[in-house]
């Protein structure tokens, strides 16, 4: 039997197999694991290319354009370069921790994709608690990062790792709360069902504040500008992966982009209507939206400077958390008080509320703190 | 007045600026394929010495702040000074151009218009030496002696301190003028 | 429960991305807070002051290029003016105007690089830096046109210039000057109101007025601290008394103010250049000066307003062809006097911002 | 214009305050006794109509038989300047009082002079070499540097 690797045929093949048929369970798992790993690798390669190209264009330069047409082979060349590099382990490093860290970081980053629907029903495991699974698994990456920072026995790495822990744990909370609004409206925890709930209106219009909080918190989760102080190159050289080279660095690189990919995929699924869309096949819509979110992230990266650690933490606890809580309460009240409201009406109310809240919060925005008397 | 500030307006403005640049022409060049015309007065990475017009006064050697020019002269039978040995050590030369100005005839020494001294291998810098991996020997490679300093094919005199050469050289490409090359490049490199 | 904590040392540099060269700082940290800082100099010390004592006056001009390599023109000018004062040379008027144009262009170029690297230190990934280098590139193109190199200009001579400007210089300059204010506005829009930028720079690294004066801070660092002091106004050298321009002064002395002063100074420089182009007279660009200059015995100190601050030269002549003592007043080096005081108490991330806002060039710090 | 204060006038005035402190005064500079230097500097800084609050430049010159330290002072508020000099005749153990307490700007510059000339500034809080490493033989900007080699 021929098995096309990607395309709607393959997806429908995967759907066609009933999961309770003996053997097909494993076939399903096997097929999806291979597909997801290929998908992640290819998309990550494309992402690195796109990031450099798009960033280049924002910076009035062409970006990589030598290897292959439009520089498309550049990521492949980079991979080979990284694979051929000497793998350096510092003398004083904790060898085991140093070796294990990239693996520990990589596994959860890949696991997230198990529950992301590429089109209706096309996913590795349609867990009815999909979103909880994502939140639980994605926060495990921190452990790998901290292992890397600790195991390198380098002060820059350690500082970077400490920042990672503080930042990622703080931003979990607004991230989860911003998703709660979506859960309340869609009434389900399964990602596939959530996408189906966005048949008419994407949740970005229903939950504008939720989307803003989600994107901000997600940027912090994956340590992208303006929250990239984990690897702040002008302060910490390269943060937790200062002492990594070769293949292990490549793994961290993969983790970083896989996380970004995951975040973009979740944003797509929860707020942008997932695979919903006219004319094109659903999985293509999914990938288009994925790239749109990613390009937004790059665009932000190309513009903004980075924050300081105490400002980042303050922003999470003083701004995002109250906003997210208010958002949850308002959404809950709306759903209770007006159960069969048209989503668009809710959206308009929420938009006004969001604007007012953001404006009010901006009054609390203080400049110039942060000096510690010594 | 709108009583609120710092609600994200500045970020939006900045992002608008970067987005605008997405549509702009890029300003870098694809170097080995796309070469710009250098300034006509460029102090290129070579010095051209003209044996015929040189009066062996050693003004250039005395003007050099780093002592890169070595010139040995002697009186010939006709009581005229002639150059026995002339060398410039390009590993010392800082390309300041001070040797050009004091030259009494004004046409015995020139900066060159060439600016590319890079090669893929160190042996390409000067032919004929293949065993020059140690760095001390490589420095010796940069001492250029006598005839090699003179005009040769591919060398071009710069107009630095030599106004006569000015019109002979191509016009400098200024980034300011956004010349055609940017468009050409865009077509070629996508 | 009180945790037992320990301070730890963090060595930053000499090979660190944001030390602008080979500067080194040894932080003592309490968590992320800097409790002590020891700046360590000398990684780029080439002994230029000693080398200069062994060379003739003219041969030293290329060495001034290599002090502040982002602002060679002003170093050239300060040195040439010091020698001119020592030897009593008067400069033709046209040369003075061209010197003013060059030094103002240099100021813009240097500030562009300074702001660009400052924003780069803040973490704005390359974008502002590349935008600013685009304009700097246009200016450097013009320098290339007049003197043949893009960094080490070696353009000025005692009593004038090494050569007159080429005919296509003025049209190109006019074009540049017309376009520049638009680009400066664009930089303003890009970052000046950005909330992230404000929260990182406003109130960070405050250098008080008293401290700034007592530490002899100069240039934008001084004017950012509410001191209205610019040598172009207070002691107009060259032909600066013939132009109308303002001195931007900021009140608080934080990193943002230093950035803001630089941005405004670029606008003023454009104004000066516009006036200089209009007034530019015809004539000679080089006074009659002996090739082997022998200034009379004595000493002279001349300082001018460079982009980084007051750059001065103190020369002692013993009547021979070589200077007896050749001393630079390096603005970058002296601006670093306050570094320790304004960084202590801030976090590692702020240290880079404050350091970047001082805008130093290591070639001049270490000499 | 920054007015260079007339050194002889000032010398006459300083002679009244500090008898015997003025070694020499010519048109543009004032040479004072190094022992009295901190007092004179403090007088220059704190007298309201002089108000020299800005130490522009501090350097030294090796005149073989003595070192001369040169201080370029400036008053930002009054816009006038003065060149103050002092001499140090001891070559083995040259010592000059430090002015860091008056002008913070002297901090790094005195260290630089110490590094390159070997002149010790007594009272400086951190008198260490700055550009060269500890243990560097000799002081490069002295005229006799390298003579013994």
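Worth a mention:
By letter and in written order, the chains are A, B, C and D; residue numbering begins at 1 in each of them.
The rule is short, and it goes like this: a contact is a pair of C-beta atoms (placed from the backbone, for glycine too) under 8 Å apart; a residue touches a chain by one contact, two chains touch by 3 or more.
Just so you know, these numbers come straight off a predicted model, no measurement behind them.
Of the two chain pairs shown, C-D and A-B, the one joined by more C-beta contacts is C-D. The distance from the centre of chain C to the centre of chain D, each centre being the mean of the chain's C-alpha atoms, comes to 25 Å. A separation of 43 Å divides the Cα centre of chain A from that of chain C.
The centroid of the Cα atoms in chain A and the matching centroid in chain B are 49 Å apart.
For chain C, the set of residues touching two or more other chains reads 127, 131, 134, 190-191, 194-198.
The residues of chain D never reach two or more other chains; the list is empty. Each of residues 58-61, 302-304, 365 in chain A touches at least two other chains.
Contacts between chains form some other arrangement here, matching none of path, ring, star or all-to-all. Touching pairs of chains, sorted by label, consist of A-B, A-C, B-C, C-D. On the chain A side of its complex with chain C, the touching residues are 55, 58-61, 155-156, 159, 225-226, 228-229, 232-237, 301-311, 365, 367-374. Touching chain B in their complex are the following residues of chain A: 56-62, 65, 69-70, 299-300, 302-304, 358-359, 361-363, 365. Within the complex formed with chain A, the chain C residues making contact are 8, 10, 16-18, 30, 32-35, 119-127, 130-131, 134, 190-191, 194-200, 202-204, 254, 344-352. Across the complex, chain B meets chain A through its residues 4-8, 11, 14-15, 17-19, 21-22, 24-28, 30, 189-190.
Residues 6, 8-11, 13-14, 16-18, 21, 27, 38-43, 63-65, 94-98, 101-102, 111, 158, 160-161, 163, 166, 171-172, 174-177 of chain B are the ones that touch chain C when the two sit in their complex.
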